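The structure follows.
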């Protein structure tokens, strides 16, 4: 046995040796948390790998992984890597048509998928994907009479036979692995153009994983809930890279509907969620508290005020007055502790958020009730590993300091450039893109505009390419404005326009849960999103929000000109199924601008009302026509008030 | 729905000249039909045609005055509920017949009562065979829960569930017995379109996955014509038609008595 | 043989009194589906109230209407406070609540009037009818006969009330189907109020008769326990059933006491009606006059 | 609030179907057991043992028995005390007539005899239901008590009908002090309560509840009504029988039919209504409530007498007690038909969800 720990399969064998009985993977299945120890996982992976080998899977091939977070899909990635292959996890909720491109691009011949739904999609895509030959499924439900597909159980059975027939073969394959081999290919959903396959090596992900584990002192005793898409780099870092580096336990929820319950049961020590999850959670907390009795509500309000005053400081270990400390202690007993518990967060040592900007109020809320929520910054191309917020140095408006081994500088136009062991090797079959994104000195161009403050913390303003100029030459950072808007619980999505124009206007999506609740409390009847969005009361509510950010922007120097003059509330929610958002829920700015050109013209043309009809596509492929007359609102703007401190 | 080869086999249940009356009221008059293994057999007819009575005769809740029932070669004058259950006949009811004071899990566990061999003393001590059986059966029940996708309500008291889910739990309880024949009394009554689709899928999945023979009463003609292999038509307690959905659709008596009136 | 008839007639006459108590049960059960275990307590309450009032030197002719008002009010209050909140609950719950009610009323009665045994003089003497003993050599109690007469009048008038008046028809409609009665505009709660009022009246009459015979004491509440086997025999919903059941129980219990009692040590009156009813139930679970129950699925 | 459940996950069905799946409950229960077995014997006075704790535990056991029949199997019984009487007299006669009979075995045999009698009186349940059956159980109450009083053999031809119970002795140790009697009763009741709980969560318990909730559906899924109901009668009577024997030997010290009258049956019924129908916990809560209520009432009356110089006679207090019992039954059936156990459950649910209301 070689003692190198530079590829994931080697790490797996290492854990199986060092902590064979320690739980590696759990899955809520058949009502209980089924548990596999590291030695059992190693055995499972071995059977899967040998099965794939028996079916002809060889070094350098790509294995598609499609489905919800299932143990055997995680193990499949290891199985592919053990054979020198490359795992290609894909977003499981995409329709078959979307798979065709990626399957062809990655020349997929073998696909490990979760269930009948995914098998059906593979079979639908198969005629257009010449290479796709082998489809394996985890859950046999409904697949009894399918031909030319095979279950994981059968695959593993073949693997065990193969293993017996070829003793030592599996270990030899692992021994052939090199740290610079590509271990995984993650497709960036890309806000424009076709997805690109980002090739990342064992070495890169292990470096990123190890850096993170050291930074936050993660050990095998930690535990994490794996519920985010496996194709997303964040999940690959936390539930795979760090899992194999630290040797902790990953827990797969029973289904998408039960994530919150499962979270509460498992009570992970390490947690990751994009800001939208934290936001939804906070909204539910607030809504549920509305129904509480007046004493309880009063108690909650009082102690939340205490937490706002001193919670974050106490968490950061800063000096706080004894009176406040006592109150916080009481609050922890009566409110924060129980609240963390019902949210399933009472054992969390470290929680991260990333992927989008998080609202300062939201961020402060979680920190103030004693959850060590931090931000990180990174891209698919950097294994999601560039900046981390160190404990005790959490600033609300920054994404933290460069992580260990990461070399970061600010380039031309404010673009953030990074270098380090975690960088991608290349974009698959796209040398031009690769060359364009990595400069001569080996720095990767993140595409984000940002600046470093005095303490060395990085602050991200916007996508570098999105940063435009107003007609008067002032800087226009649409994301910055949109994020400010989205920090209001009532606003779910916003799209700001202003590049090369004299002023800024915006589309807004209201948050159905939050505004709906608000409307119900005021006895406002409505029949659905479209109806609610056009209520005069709702428009007034949103106008207040817009005017509030205008007031803020007025104090931010160059950005003072970016105040939103006019806006409208869209008649439908922007939706990935209609291509308006990416699968990671980022706005496709260009597409939206084109699709709703009429509305933009109306905004800038001074019209008060505009009629629009839009085709909406549902998940099951049905379509429906939504039509509405949208009222355009004018918002108050403010005179600029002094320079912003950079 | 993908086309599925249904493996209709031998006749396993045959009813001959069944007549049933309550007091002086005739519910069923001289009805004969058979059910083949693995098939989905529908019973249709207007309200009061005697459909539910027919199921009650099959699983022994009612005892007909005339006629015989042959199940798996054994000919009887009438069934009794326990014998029916023991020989693999399970059923659901038109008006949900769940045990309202119990959780979903416990309701489904009752479906496995015939598989439990330990006596009450063993169960009171809760060691050895009693506990082992409890755990084995729990696992089987969890598979049914998984199959019918009701994981999220496992520990909820059934009384708190909406109607559609209660129907699903009742099906789960019947399935937990691993029946070879399942009698479904209007499994989709009172459901919305989506719930009906789900239920249809479950019925077909059960039939396909476990090969369970089904005898099904249903009002929704679309559903009946879609999923059943053969249909019996009753009217005023008499049989007026029997055959494949197409044959029944073409039968003039049926059209007069039923299709013409109801739909 | 004469002795046999003497016992039989005595039994039948006291059976009429059982019927009277059972009638109170049937009335309420028919109209509201409540098996009123507190009927016995109401009998006791009525008798002790009457006695209590007369103890203030008030003429029985005035005490009677006062007691009647008290009983009707009690009935109405019970209906409103105890039973109305429990509409649509399982019958077994209603049954249990009336057990609680029985305790409450018993406690209240003794709290108000004290627990000591009182005599009650209605001017009827428990002496044998002379002409009967002269002619047939049997002793038939004058009191029993008079009491039976009162009971018979009451039973007849109640039967008339039920069958001939508008209220009676409404009562029967309610008994058949609450929902339907409600649908055709019968004021359900008003009906229940009337029924409880009438039940109070019946309790008062029964209380006076039983009280003057055995003395007004706590043991009067056990009269209700005697009425239960009567109901099982006669069926809970049938007025004729209550009458016939009462006669059978009265007669057989006396006969059993006299003929079987000595063989086993006596005191079998306490349980004999129950065992009789139990055996009868096994043969005919729906009672003498009840309809055969077809359990539909 | 005190329930911090995050991280308490189950990796097997044994843990998942445990009696106390939540850690905080296990800790709480362990503390209660510790208090009951260690702290109470150290600090309680003889009066508290013999007037409160011992009858509380014994009647709780009887209430568990009734709960098995009424709460779990849905068959209302008004004759619990009679089955207790059978247990008491059977134990007495086993002790009397079998030389060298160990007392615990005599209790057990008493329970078994009661179970047999229970089966006989359960037979009508196969044909009749609801309060018809309740009335039928009254027959058991009257007949059995009459029988025990009239048939001299049962009381060993004692002239008074009141017999002194034999001395309780196990392995040479004589249970004379209230504390030792309390510990013996506590031990027996704990073990039998565990047994009842185990039955309730096993197939037998589920079959009973199925029969209770919808007997036709139960029959259709293969539950045989006759064995299920008769088993409920048997086990219920067994519990009542053991409780009856303990009542005679550990509480009254005498064996007499009159102690097991209809009033006792009603009191036990009240316990399960107030405590909670269909829960073992409710049997204890109800028994505690009924045991403590007269004490609370007399304290209250005493307080009133002292503070406002109201003179309350003894009979007045007992009447107030009757009214309070009756009133409470009415109150609970209207407001919370599932009794104190449900209130506890609701409170616990609130604590688990705190600070959320639901």
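Per-chain residue numbering starts at 1, and chain names A, B, C and D are given in the order in which the chains are listed.
Here is the rule we use: a residue touches a chain if its C-beta (ideal position, glycine included) is under 8 Å from a C-beta of that chain, and two chains touch if they have at least 3 such contacts.
This one's a predicted model, so the numbers in the text were calculated from it and none came from an experiment.
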| item | value |
| --- | --- |
| Separation of chain C from chain A in steps, with touching chains one step apart | 2 |
| Which of A-D and B-D has more C-beta pairs touching across its chains | B-D |
| Cα-centroid distance, chain A relative to chain D, in whole angstrom | 57 |
| Approximate Å spacing (C-alpha centroids) for the pair chain B, chain D | 41 |
| Separation of chain B from chain C, taking each centre as the mean of its C-alpha atoms, in whole Å | 48 |
| Distance between the centres, which are taken as Cα means, of chain D and chain C, whole angstrom | 33 |
| Residues of chain C whose C-beta touches two or more other chains | 297 |
| In chain A, residues with contacts to at least two other chains | 31-32 |
| Multi-chain contact sites of chain D, meaning residues that touch two or more partners | 12-13, 16, 216 |
| Residues on chain A engaged by chain B in the complex (per definition of touch) | 29-32, 141-142, 144-145, 254-255, 257-258, 261 |
| Complex contacts: residues of chain D adjacent to chain A | 1, 3-13, 15-16, 352-358 |
| Touching residues on chain B, where the partner in the complex is chain A | 2, 4-5, 105, 138-139, 142-143, 145-147, 151-152, 154, 205, 208-209 |
| Contact set on chain B toward chain D in their complex | 59, 61, 81-82, 84-86, 90-91, 93, 97-102, 106, 109-111, 113-114, 116, 118, 120, 123-126, 130-131, 133-135, 138-139, 173-174, 177 |
| Residues of chain A defined as touching chain D within the complex | 26, 31-35, 264-267, 285, 288-289, 291-293, 296, 299-300, 334-335, 337-347 |
